[in-house]
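Dropping the structure in here first, questions after.
The letters A, B, C and D name the chains in turn, as written, and every chain counts its residues from 1.
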Amino acid sequence: MATTIHEPPQIEPDRLPDHGHSGNGGWRNLVPADGDLRVTQDYSPPPSSTAIWVVLFAVTMMFAAFTSALFVRKGSSLDWQTFTLPSILYFNTLLLVASSVTLEISRRRVATYMGGLKSQVKSPARWLYITLFLGLLFVAGQYVAWLQLRAEGLYLATNPSSSFFYLLTATHALHVLGGLGGLIYVIRKLSKSALRRNQLVATARYWHFMGILWLYLLLLLWIKL
Amino acid sequence: MAKFFAVTIIIIAILSAIPILRHTWVAPEDISTHGYLIDEQMSETMAEAGIAFLAAQFILAIFIWMFSNRGRDAKIKKFPGGATGLVIAALLLVGAEVLALGVFGVKAWADQYLTPPSAGAMPIQVQAGQFAFYFRYPGPDGTFGATHPELINEGSQNFFGLDPEHDPDSRDDIVTAEMAIPVNKEIHLLMHAKDVGHSFFVRELRVQQDFVPGLDVSLHFTATKVGKYEIVCTQLCGLGHYNMKAYLYVYSQEDFENWVKKEQAMQ
Amino acid sequence: MRPKPMLLALLTLLVCPSMMCPSLMFAGTVSGKVTYTGTPAHQKPIDMSKEPSCAKQHATPITTETVVSGPDNALENVVVYVSAGATDEGQVPSQAITYTQKGCQYIPHVLPMHVNQEFDIVNDDQTSHNIHPLPKVNIEWNLSQPPGTAPYHKKYDKAEFIPVKCNIHPWMHGWFVVLKTSHYDISKGAGDFKLPDLPPGKYTITAWHEDYGTQTADVTITGNETKDVNFTFKAKAY
Amino acid sequence: MHDMSAHAAQHHAPPTSFIRKYVFSLDHKVIGKQYYGLALVAALCGMVLSWMMRIHLGWTNAAIPGLQLLSKTGAPGGVMTPEYYLQLMTMHGTIMVFFVLTTAPFAAFGNFFLPIQVGAEDMPFPRFNMMSFWVTFVAFVVLMSSFVLGDGPTLGGWTQYAPLNAVGSVAGPGQGLGVVLWMISIALFCVGQLLGALNFITTTLDLRVKGMSLMRLPLSAWAWFITSCMGLTAFSVLFPACILVILDHVAGTSFFVASNLVLNDQLQPHSGGSTLLWQHLFWFFGHPEVYIAIVPGIGIVSHILITSMRKPMLSQRVLIYCMGALAVLSYGVYGHHMFVSGMNPFSALAFSFPTLVITIPATIVVLIWVFSLYGANLRINSASLFALGFISMFVSGGVSGFFLAQPSIDIMLHATYFVVGHFHMVMGVAAMFGIFAATYFWAPKMFGRMMNETLGRIHFWLSFVGTYCIFMPFHYLGMAGNIRRYSSFPDDYLQPLIPVHRLITVAALITGAAQLIFVYNLIHSRFWGKPATDNPWEATSLEWSTATPPPWDNFGGKYPVVYHDPYQYGVKSSVGDYVMQASPEQVKTDHDEK
């Protein structure tokens, strides 16, 4: 079979206790009390879908720290010089938003594809490639933005405002690159027909989060710089 | 073994309490107008914390004594009070204690930090640098000269970066390595950090405050007892931290004026 | 009986070309006096109460040594040296010199030395000192010296005027003057200095003071003579 | 991307090659042991450092033989210089807080036992788990390398206050390269712990076996779970903070260095940085870190006490809620480290109240422990002795918190030995006792051999009495106004206290030596100890229902099903006075929480 259809494991009610396996018995199911086993819904989410929220939380905390640093630093002295953001950033924003859309499309396609309705989907990977391309374009665009600032003589250490600009954009770009890695991984799995749905879902969540994070950063920089 | 352990705990608890009760090691006598609040707060807390400490250790020891190695078929009992009882007890006792301490604590804190210095307070600037304090009095003209960090030169004792050549205000500033204040007069201490973080601590004055580089903070206090006291740095500031100190002289009014004259002559 | 004079003569012949002979034949000397005009800044007394072990070594508090003046405007601690024209560059004097920390003071206040000349740093006090020279071209180091520990042996391989600080006692301040020549002297109490053993030639003599900067003078040594060169600095009131 | 190894995790093949088995192992049990080994090495380093510091504090001008080999400039002829004292002090603090108190109780035992206690085969992301250890290992190597690189380790203390940490080598030896290495090391450490937290959280939430509801998790598992949540929040804030400092050093930015700072008569080329910013960022991590060190201890000690008491705690839930409360509150109290730092005096009061309030859950925990002892049948052995010692220490160190929680009293006690005594007892010694208890309790399961009981008790007595002799006097010194972080006490005021310091030094040397007994016991028992049975303590939780030592997949391909609350003691069953979580046997009990 070309693809693996990943469905939640079905537990027959008459299943013997010692056949339960890890991954099951998560917080959703009722517990056997005093020896009689009363399993109602024996399914817990695959770890990756929990893990991705953990990752996103860590990333959020990190940027929260950077944000508070920015506010404190700006308030702590008068040496803050504002500058206008390179206009290419807005174009990059469009790219990232578009990439989120394309990823969502591909997620749907892959879902139907994996759902067995192959006839409806020619190549589910195409939209993934488009997303990947848009993502790379975004990072390249950010790089152009840095070049533009350098041309204006604004370097990392020139002024706290420029420091924070490079810091935030670079950190975000690195995380986007991480997301690109995830996309490549998904594409490889898909071509090997070894993709599991939650892998795609997790990657998608991460990617969308990168988009939202960028919108937030853009707003922050636009207000503060 | 268990009983021996129980006894050890009790002995340790008692031995730990003895120096406190006998006041073997206590802070030096308070010479400030606000210090008594802190001292009262201290002894109050000591009483409550001490009781909590002894009670906990004793009960622990007693239960260890009573309920250890009772043999395989000993009857397991449950504490009659149950968990809820304990939780409520803790909430009430500790809650009350916490509230009491917190509320009274505010008074002592507010007296030093939330009230501005009185108008007549005498301004003195203290600059902390690696690894010494230097003090500056405005001199007869009553104004501090402007400071120019780029002019700071410790070799020629220009610790504040004054520019007497162009700035008349700074010519009569009195810069000293020791701090002298008149007794029973409120002092408004303007704290400036020259390089890194330092702290200004006079045990007898019940005063401790960090210097914040880039941010000048101020303190106010009144000394009530003539004498010589030690000013120490309590914020790790580098290799000479252990040796960063100066002396505070509390003089009677006339002694203070003589001291000022003497220092003026040496400038 | 016979061989001895022979040997002596031989020895003289051998040694002559190298070092003794210039001084034997024409010992050119530059000497003079360093003075100042105007009124120098008041040297403030140093309060060492922070370091009792040092404070009690000085009956009357010592003052800063930025400007040390002698009788009739003599200026001390001025390093006078041949800045150009000398031929013996690179000859490192063998005798070791010491820089002593005593009574929370650097003795001497200004230590002139030859490039690559070894010098010892000694702590004579009952307290820890920290010696931190602040070079720009040489390698920076920062050492503490607890009481009773062995001296440090140090040297610098580039010519430079290096301010020296003690990171434990902020008032302690001194200078290392690292020179490319061995023809140097430091002005004494009467402001006098002496640069002996100069072979014939044109020389530039430079006088350096830590606060008043440098002055130069050109001299020509033709033979066995003593040239008199005086330097006069303008004192700063502050 | 983040679940690349999830599938492999649940069914990864038994390791074959030596490398895969022992070095780059994916097995959480091996990784746990690796963490334990790292912590052990780190603890010994930290202990030796504390010895040298204590000797120097007692006899300032004494030459410590061999010290000059460690650093010729730092200790000429073996006599410690002031800066070298501070450098050793910084390393002692950093090593102990990060590489011992965080790794041992949390990463080491958590890695080994959390998956087993929830009944899982392994962590969901074994590759991340492996990376987590090796990144931490590299972090340790980087930190230690600062002993030999540049002019030695940083002297800024484990809190690394700004701007001392950011102005560079002009501020003193070790403040250049030393600080950068410190920051890199800690940043790496954060990454390692974040990867660990990822695994711990997902393991607890998703990999529990059938029947293992959250309330049926053993208290130790709960402690590790709560700790991992704290670590996730704390380390993801410390990491960016370290990045900012590194930028201040290598890129010339001014995040923490204010304008017009003059060091060695040189005006610093920075402007406008905020000193307090670092303190806020650091303590937002720093205070939860204290609980990251102690909460696993609380859980482990409860777990061990219950087993030796032969009865459950008065209330499992209350203990869990209290640990949760400690975790949550710990983020609201960090400002009590900054009462006199120059921050707004009103915020000092704002931070003071939660700090006082946090004593309530702590008190409840202690009360539950103590009164659960009532009516117990306490089995005294090395493990339970250390667990009880933990309670005693936790109380002794805890009560001094009442003082430091109040800004007004902090004016007198801030930065004195009182603070040092406080945190050494409550997060240092107490946490160490937790680690020792855990070791004596779980070593049979980890290594398959019992540890020597006699040596264990000798170790306990020396440690218990010794640590009190060391750290109780610290409080007295503090009350007398003895400032911490002084490399010696030259001033007339502190002279009278020197005898106390010498007493402490002697106690410290003896107590430290006693720890070598433990190390010997550990190593000797590991190879020549008497073989352990599957369930030597007659305990109930899942780790005891599998083989000793557990097979590579923990339960030999069979998955336990949980029928009971974790602690069914004091009941009549076929095996004795307890029922294992995984046994379907029905017994009359009033403990089960439905």
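In this text, contacts are C-beta pairs under 8 Å (C-beta built on N, C-alpha and C of every residue); 3 or more make two chains touch, one makes a residue touch a chain.
In this text the structure is predicted, and so the values were computed from the model without any measurement.
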Most widely separated chain from subunit D, with each centre as the mean of CA atoms: C
Pair sharing more residue contacts (C-beta pairs) when C-D is set against B-D: B-D
Geometric centre distance via CA averages, subunit B-subunit A, whole Å: 50
Centre-of-Cα separation between subunit D and subunit C, whole angstrom: 57
Subunit A and subunit C, separation of their C-alpha mean positions in angstrom: 68
CA centroid of subunit B to CA centroid of subunit D, Å: 29
Shared interface positions of subunit D, touching two or more other chains: 81-83, 172-173, 258-259, 265, 272-274, 276, 490, 492
Overlap residues in subunit B, where contacts from two or more other chains coincide: 129-130, 154-155, 214-215, 238-240, 243, 245
Set of subunit C residues in contact with two or more other chains: 127-128, 130, 144, 163, 165, 167-168
Interfacial residue positions of subunit D with respect to subunit C in the complex: 61, 73, 76-77, 79-84, 151, 169, 172-173, 264-266, 490, 492
Touching residues on subunit B, where the partner in the complex is subunit D: 1-2, 5, 8-9, 12, 16, 19-20, 24-28, 37-38, 41-42, 45-46, 48-50, 52-53, 56-57, 59-60, 63-64, 67-72, 74-79, 81-84, 86-87, 89-91, 93-95, 97-98, 101-102, 105-109, 112-114, 129-130, 149-150, 152-155, 161, 193-197, 199, 201, 203, 206-215, 217, 230, 232, 234-243, 245
Footprint of subunit A on subunit D - complex, ascending: 1-4, 6-7, 9-10, 119-121, 124-125, 194, 197-198, 201-203, 205-214, 216, 232-233, 236-237, 239-241, 243-244, 247, 251-255, 258-259, 271-274, 276-277, 280-281, 284, 558-564, 584-586, 592, 594
Subunit B residues touching subunit C - in the complex, by the definition given at the top: 129-132, 154-157, 159, 163-165, 176-178, 238-240, 243, 245-247, 266-267
Subunit B contact footprint on subunit C (complex, rising order): 41-42, 44-51, 64, 66, 127-128, 130, 144, 163, 165, 167-171, 173, 210-211, 237-238
